[in-house]
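To start, the structure itself, in structure tokens.
The chains carry the letters A, B, C, D and E, assigned in the order they are written, with residues numbered from 1 in each.
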Amino acid sequence: MTDEQIKEKILKILPEVEIPEGKPTLTVIVPPDKLFTLAKELKESPDTSFDYLICLTGVDYGKSMSVFYHITSTKFNHTIILKTSTQNRETPAFDSVYSIWKTAEYHEREAYDLLGITFNNHPDLRRMFLDEDWVGHPLRKDYSDPINIVER
Amino acid sequence: MDHQALIVFFIAAVFLVGFAITFAHFIAPSSKNAQKAEAYECGIPTTGLTWLQFNVGYYLFAILFLIFDVETVFIFPWAVVFKQVGMVGFIEIIIFFFILILGLLYAWKKHALIWE
Amino acid sequence: MAFSFSIYDFTSFTQWIDKSLYAAMPPFWALIVEMVIIGIVFLGFYALLGLFLVYAERKICAFMQCRVGPNRVGPFGFIQTIADLIKLLLKELIFIKNADKILFNVAPFIVIIVSFLAIAAIPFAKGLHAMDFNIGVFYIMAVSSMGVIGVLLAGWSSNNKYSLIGAMRSGAQIVSYELSVGLSLITIVVLAGSMQLSTIVEGQRDLWFIFKGHIPAIIAFIVFLIASTAETNRGPFDLAEAESELTAGFHTEYSGIRFAFFFLAEYMNMFLVASIAATVFWGGWMPLHINGFTGFNHVMDFIPPIFWFFGKSFFIMWIMMWFKWTFPRLRIDQLLTLEWKYLLPINLVNVLLMALIVLMGWHF
Amino acid sequence: MNVVEYISGILKGVKSLLIGMKVTGSYFFRPWKIVTQQYPENRKKDVKWFYFLPLWKAHGKDTPAERKQIVMLERFKGELIMPHNEKNEHKCTGCGICEMNCPNGTIEIISIQLTTEDGKKKRAIDKHIYRMGMCTFCGLCVKTCPSDALAFTNTFEHAVFNRTKLNKVLNKEGSTLMKGVE
Amino acid sequence: MAEILEVKDIAQQEYLINMGPQHPSTHGVMRLVVSLNGEIVKNVQPHCGYIHRGIEKMCEKLTYPQIIHLTDRMDYLSAHMNNASVCLTVEKALGIEIPERVKYIRTIMDELQRIASHQLWWCAFGMDLGGLTCFFYGLRDREPILDIFEESTGSRLIQSYYTPGGLMNDIHPDFQKKVKEFIKYFRKILPEYDQLLTGNVIFQERTKGIGILSKEEAINRGLTGPSGRGSGFACDVRKRAPYHLYDKVDFKECLYEEGDTFARYKVRIDEMWESMKIIEQLIDNIPEGDYTAKMKAVIKLPEGEFFQRVETARGELICFIVSDGNKNPLRVKFRSPNLINLASLNVMSKDFKIADLVAISGSLDLVIPCMDR
């Protein structure tokens, strides 16, 4: 399937998505509450069959929190990026895609640990690298640690 | 040399270990602290009790061993006198082994020889 | 009696000491002095042999691994093990808080006593053995199988989970392989018709048993080698101390000289089984004699028996080290499968085969 | 279990074990295959034969890894230095590009204002401080230096007893800027 | 002595064992909390983060050329590939064309690194299973590769050789000769690995049918690299999304359907052969030219998100850079193949023995600094 066909297909499933032009890889901006249904649809429909979640990244833009999903199909070898954002920086929460791709388990735990993004329906959302009693989420832009982070 | 010399060996071994440990007690440094007295578990305190009732499926093997080892003890005298006894001994040991192998095969078939 | 003996026959030497002691003092004291001499001689032998074996193993494994091995302390690193011994003596003896103190302390005694007792029955050369039981083979088997108690106690008393698992494994392992050791020795006892080690050695005057007994003897030797490697807890059967799984297994909590005794006992047990194998299968101190080749036999006789004995034992130990440094470790269930499904049935059939050969007189 | 399978399984297993033993055994009897390098001894120029007594046949022909004397390759990044010529001159202008490019803050340049003969004010280095304890030897300072003032030597024995000894001043006492370097 | 418990309580307690952080088989500081039933593993709970250094946070403060030296330190056994991930992302974002010569050298270096990594894995895996001799043989054969690296890049383990746009410096004049020498030597010595370990009946018993993961499960869990290919998951980025020169060279993607420890082992052994094949195709025709493209002094990426998939020796590494147009990235994410592969450990080792757990975690070839970042 080419990018155009995927674009059409996604727009058919979910008309409210936003697809910006000029990206090196097809990027789809999805509202947070619709992400799970779109992802499920993309994985399960036989002509897209995005069965492999390569990467899940949480990004703190300073004003908003986003999560990127790089998904690909092992069958057709096409790759797209799903992006979802929220303005709620303090307690961002998204739907977990663990039930679609099990590999999301560790990615989501990592995002929770370092960025404080909560994933609903995640089976075991704990800190991954830091101690349980660690205060704050280091990858956030406003995280401050006067001892260990040297400003230059 | 009589068999009482075994006592010498026993005493010598006890002496060797006892002397060395006592000697080490005097010359080795000693600094006590609570961390050092912890059981080693990769640097993490042990979770739960060590002496728990836990399943090591070797109990069956111990029983099997008991059976077969007793049989081995019976074979030893036979082996020593076998040359004098000759054919009769051979036939008898065949019967004996037949039963023994039958037992082994039974255990085999019953999956007793598989560590669960 | 004048003091004269040759290294070909120690009988006169030992008897001379015996007689001169009894001539010099009352029998009771003579016996005591004799015992003390034996104790000291064997202690020295035991310690030296242990040091040498540790060095030998390190050097052998180094050469197999394209390394040089110890080469800094003394010429060719020969004093390395003595340096290690001093280091181990100087290390702190750590007690574990929740360990069972009595058993924790008793365990090293047991492993050493067992190996020391078993060494008493080994005939090193003609006339050079401490005790010559008429049930020699049986005695060694009985005593050496007690070593598992020391290992079990060490593992259990440490209050450490790794140790406990190691001890359990060791129990299952040694207990199982005891059978194969016994049965493979029985194979030879059938051929020799005696359990006395001196008789067994004498019986190999014309040809060693491993050649005399055709295929059953060779099979018995291989089975004995495998089973005894397993019984001494050496690789590839070192499950009790499997370092990639259980860090150090049953002796995880032992430090300093206490650990050294487990280490020493392992090497002495290895020497023990190697010397039994040498005695029972390879003729012990008996030189290589082939029936009918008189000239050849005479040439062989020139090499003193003590060299024959140690040469054979070290060769077998070398094979055991070769095993250890080549093979990956077995898993516990494979270990037991090997014993119960392979070695034991083979052994049982092998005993019958040997009995048949002896009955028919097919042996040489 | 089939009896034939059982026996052939045993034989196959034994054969595979023997093949493995052949490998280790053959190395045991070929001590000249040993690849160990005797470290402090092989630093010396004239390697004595007895340093290699156990591997007296090793002459570096069988395996590429065998070398008698340790060879330090020219590009080895051992320590950052500032090459000085025989007139005690270096090329560092004190521009601070290395300081800026260093990811770890390893380099610190303390510069002074010099007045040249024709009255112009000019920046020059007073101290070029290199904290080796923080260096990750990425080579960005050498690569980005516009006047090629820095280089790596291949010394590698950096063990010292005190961490402060790893802080080094790269420009030598009384050194000046080389002529023609701006 | 411990307090006396009721029999009921004792029977109900779980037997928990910590493997790691100070354990010989974890190859670093990772902690596995294993709950056992006898010797049988019931549950494995990995705990990581013992050497978490916050590389992603540090990257946000650094410029793009400076990031490179941090990536070496993630997966130190595939340092070149880690460098390549950042370099390729930056090059892709800037849309610059790098010289052919650089592509050749990068491909050769990557494959040499892959061989070196698999050698080290081979020896460590042998050691996990108790065969200590493997360790020395593997390290011995790795030495020539490190010498080749040292000669050209100046370092042995963490080279920081690639820069955005090219290479740090040109290859050494002896490079081609040395590489050819090594290939000749290693082609002779690699069958020895098979003799010592692969064919060994104990080894086969220990690895065959152990830690099975099906293809679907592997894809779903994102098990990549040789571990994933052992399950039949065709996840080789070199084939699926070629970079460097991988679309021009001829090589086979090693796939095994069994999904057990032995399959994962075989994939790596085969990959060493394939890597040698790739190097042999390229080593004689490295074109002349610059070793770096013309780059600005300060590299600023355009605003947007860029990512590059790279096949390291352990699996798929992704460098994902979110840029806001500054000389520093806004966010850098490295998809560590080790961390994701670790997630499969619990599924694989369930109901196997504790010795198998060591074999399985060894066959996943985990490098902890990459996992923790």
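One rule holds for everything that comes next: a contact is a pair of C-beta atoms (placed from the backbone, for glycine too) under 8 Å apart; a residue touches a chain by one contact, two chains touch by 3 or more.
Bear in mind the structure is a predicted one, so any value in this text is a computation, not a measurement.
Touching chain D and chain E together: C. Removal of chain E in thought splits the touching network of the remaining chains into A | B, C, D.
This structure's chain pair with the greatest number of C-beta contacts is B-C.
Taking the mean Cα position of each chain as its centre, A sits at the greatest distance from chain C. Rounded to whole angstrom, the centroid-to-centroid distance between chain A and chain E, based on C-alpha atoms, equals 25 Å.
Averaging Cα coordinates per chain places chain A and chain D 43 Å apart. Here the spacing of chain B and chain D, counted between their Cα centres, is 54 Å. Listed for chain C are residues 64-67, 98, 161-162, 165, 247, 325-327, 332-333, each touching two or more other chains.
In chain B, the residues that reach two or more other chains under the touch definition are 41-42, 46, 51, 56, 115. In chain A, the residues touching two or more other chains are 152.
Pairs of chains meeting the touch criterion: A-E, B-C, B-E, C-D, C-E, D-E.
Residues of chain D that touch chain E in their complex: 12-13, 16-17, 19-20, 22-24, 35, 63-65, 73, 75-77, 101, 103, 136-140, 143, 152. By the touch rule above, chain D contacts chain C in their complex via residues 10, 17, 20-21, 23-25, 27-28, 31, 33-36, 38, 53-55.
Residue ranges on chain E touching chain C, taken from their complex, read 1-2, 15, 17, 23-25, 39, 126-133, 135-137, 140, 196-197, 200, 202-203, 205-206, 353-358. Across the complex, chain E is touched by residues 61, 64-67, 98, 100, 161-162, 165, 169, 235-236, 238-239, 242-245, 247, 325-334 of chain C.
Against chain E, in their complex, chain B makes its touches with residues 41-44, 46-49, 51-57, 115.
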